[in-house]
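A, B and C are the chain letters, set down in written order, and residue numbers restart from 1 in every chain.
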Amino acid sequence: MATELAHCTQLTPSGRLRHLLTLTDMSRDLIEELLERAESYLRPPGEPPARDPVLRGRTVANLFFEPSTRTRASFELAAKRLGADVLNLDVNMSSRKKGESVLDTIYTLQAMQVDVFVVRDASAGIPELIAASVEPHVSVLNAGEAAVSHPTQGLLDLMTMHQHKGRFDRLSVVIVGDIARSRVARSAVEGLQIMGTRDIRLVAPPGMTPDEKLYPGTTITSDLDGALPGADVVMALRIQRERMTEKAQMMTTHEYHAKYGLTAERLMRATPDAIVMHPGPMNRDVEIAGDVADGPQSVIVQQVTNGLAMRMAILAMVMEARRDR
Amino acid sequence: MATELAHCTQLTPSGRLRHLLTLTDMSRDLIEELLERAESYLRPPGEPPARDPVLRGRTVANLFFEPSTRTRASFELAAKRLGADVLNLDVNMSSRKKGESVLDTIYTLQAMQVDVFVVRDASAGIPELIAASVEPHVSVLNAGEAAVSHPTQGLLDLMTMHQHKGRFDRLSVVIVGDIARSRVARSAVEGLQIMGTRDIRLVAPPGMTPDEKLYPGTTITSDLDGALPGADVVMALRIQRERMTEKAQMMTTHEYHAKYGLTAERLMRATPDAIVMHPGPMNRDVEIAGDVADGPQSVIVQQVTNGLAMRMAILAMVMEARRDR
Amino acid sequence: MATELAHCTQLTPSGRLRHLLTLTDMSRDLIEELLERAESYLRPPGEPPARDPVLRGRTVANLFFEPSTRTRASFELAAKRLGADVLNLDVNMSSRKKGESVLDTIYTLQAMQVDVFVVRDASAGIPELIAASVEPHVSVLNAGEAAVSHPTQGLLDLMTMHQHKGRFDRLSVVIVGDIARSRVARSAVEGLQIMGTRDIRLVAPPGMTPDEKLYPGTTITSDLDGALPGADVVMALRIQRERMTEKAQMMTTHEYHAKYGLTAERLMRATPDAIVMHPGPMNRDVEIAGDVADGPQSVIVQQVTNGLAMRMAILAMVMEARRDR
């Protein structure tokens, strides 16, 4: 349902970006336009960050129903560097009647002339619900939705791979971790398949295997060592420690590292110039060894820089798409 | 005492607005000036919000001793759209020696050249105490004070009625809810009486009846159906659910809705073009039916828009009144 | 170790301020330059605060691992008045693997092109660790570090004494309170000794006496009345009430006030024009009597104003020192 709804509302009649809810219905052209725009916002370290007055006088509300320091900071700085006023709202809401309360909050902020809502929520469907409810001139950006979608993360991951590998079609990508509960994996795979990547290998430890129907055209395995040969990109996902301690049948962080941790030794199975990615924040020496995280193949810090540039590109493009509405 | 103190300090010698603590001593002229200024800050939806550089280089501190997402956001955006730097301070203070600690916080922020304090507090007298203590060039705005006063809400309510009904003198206004504990009702009635409204009907369920002396010249009743005929404005107040569950002798939310909820059926007893108001956030299907809240007579969303415009007007006018001091 | 590390990294090769971690290795010239710059940012009350576009387009992150309303507000306004975008991050981190998590947070924010980190932490060594880890164009300002260092407080204290007393070399300074756990005392003494003050008297109640090796060249005593005669400056430190109630062997706040509280009677033992200082927030009638705090010799409010001006000066100077790097 969420995807169907998004299909209707995410793009303007002429195919421009109105909301960003999911990558599923995006065209390759639109993603390429976003990559290009985001790269235009990169600057060498130490130079002042790029600024662009396209959101001057506009208001962006960060509505985080699930806490996040990093993603919130990234959106906040992206909006400020585009000249917007930013409203940060960390909202704790009981789940009862949540949908209704969320919409009343949205209508209230919309009445204060908020132009863009950046929404993170632990339950599925909330960004779509909001997008279906706002006025025509208002945009909704999904900043992380349950295990379903994290489209800005997917786009920054594409951007990072593009910088290092150029093309997507002959890329071999390995993603390892709790695939079943990962919105990062979902959005990365959706984006890669749109861009033409055919060789995607999902490595899921027991109990973390996803529904195959959600990942058509990929290889799903629990054998990391067997999946690595030939990989151009190796992405380790963050492991929720809580999940480990809670479930007695699951392995310890030590066991996880032994079997699924990305170590220097294991990384040697991939191509020599494979890049190492992680969405952060990392559990060092659990899903990724410290020396790999800081090593020459790691592009993890660059992902963060790209994330901010990509969020600027998205904000700028939804504001510019207003002319279509 | 609070009112007396306010009398002394709220206006400049020439009658301009220095602080906004209460509506009680305001003149009709001053309120009309505020209404006019606030209307000048309205813009059609989708257009950039109004901006006015009157607070450029100035600092506004939001000092909320009681949490509030909506009112805080409204003041924050109002100040930013006037060019001010905004400092948000959510302060939890134990009640012991509170007055003294509040003043030390105020003196500290005043020494950082804060120009305007926006203060919300659960205990009575704090805004007045602060206003009596700050330097001559500093203004204090009451953003909600115990059950005593909520003057910016009162002014935005007047503004909304004025937009729809034009005149105040022949208006019939019904307010229903926990009148005894409502600062919203207090400020609305004060404002309406200054503007010449004579027919004000306060509908209070048992246990929520206010002290008659606080509401001279009004009709106080517990019969909602009997109060509605002829009403031009019907305002439902937010019910604190906590109060309902705590006190066994009080009714359930279901019973409340049955007897005092504003339903479509009941609304038909008022004049056909009566407007429906609510200060938000709403408990849908408790004090107001969802279809009434979203119906054609509802001006609830417009109240929010007016609230921001009114707060801009107030901030601009206290800054301009500095010339008098 | 912290100091050694700071020695290496705090100044640029040509002796300009890159980070501000401690006062220990600062030259008298550098402190005088800071005092002069900070005084240039002072304005009469009621006038708009000083602004200086030196940080326009730059980003300052307030990273407070220990909560602080006042110091955070002071840095936030200082950065905004210099034109910077400000990111406020109140971070709660468990102590396990803290250093590593802190650095991952720093690398993430650095990748978002944060230019200056303002860091407060309850454990020693964190500001130095961060300063040793950031890229060459990034600056770190210590906003309070365990019981070790609070250099911006030390500088604002010097600035306040300089305004009232002119010279440092013939000054007699009394500091009274929990010297053993006071970063305020540490930084004040370090600064004073650099500026040539030889007569520093530290008055520590039993259980609050510092390690003598940390305070060479000072007089340490537990006799306040004996220390006051001839004092030009009397600084009372904030007492942590928690410490009093927890330890049964320690005195009550009432006993503290009787023996170590700065009262009007006691103040008469100092020179007639002695100034009274306190870093805030005050426990009135514990370490300082209310009438002394508000009396004619008190410069406590002025310390706050100077603090903001000094933080502007520091931010401006680390940004200008970039040319050296």
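We take it that contacts are C-beta pairs under 8 Å (C-beta built on N, C-alpha and C of every residue); 3 or more make two chains touch, one makes a residue touch a chain.
Being a predicted model, the structure only gives us computed values, none of them experimental.
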> Among line, ring, star, complete and other, which best matches the way these chains touch?
Replying inline: complete
>> Interface check for copies subunit A and subunit B. Shared numbers divided by all numbers used: above half gives same, below half gives different; which is it?
In response: different
>> Measuring centre to centre with CA averages, how many angstrom lie between subunit A and subunit B?
In response: 41
>> If a residue has to touch 2 or more other chains to count, which residues of subunit A qualify?
In response: none
> For the complex, which residues does subunit A have touching subunit C?
Replying inline: 43, 45-46, 48-49, 51, 69-70, 73-74, 76-77, 80-81, 280-282, 284, 301-302, 304-305, 308
>> Considering only the defined contacts, which subunit B positions touch subunit C in the complex?
In response: 57-59, 61, 85, 87, 89, 91, 97, 100-101, 104-105, 107-113, 135-137, 322
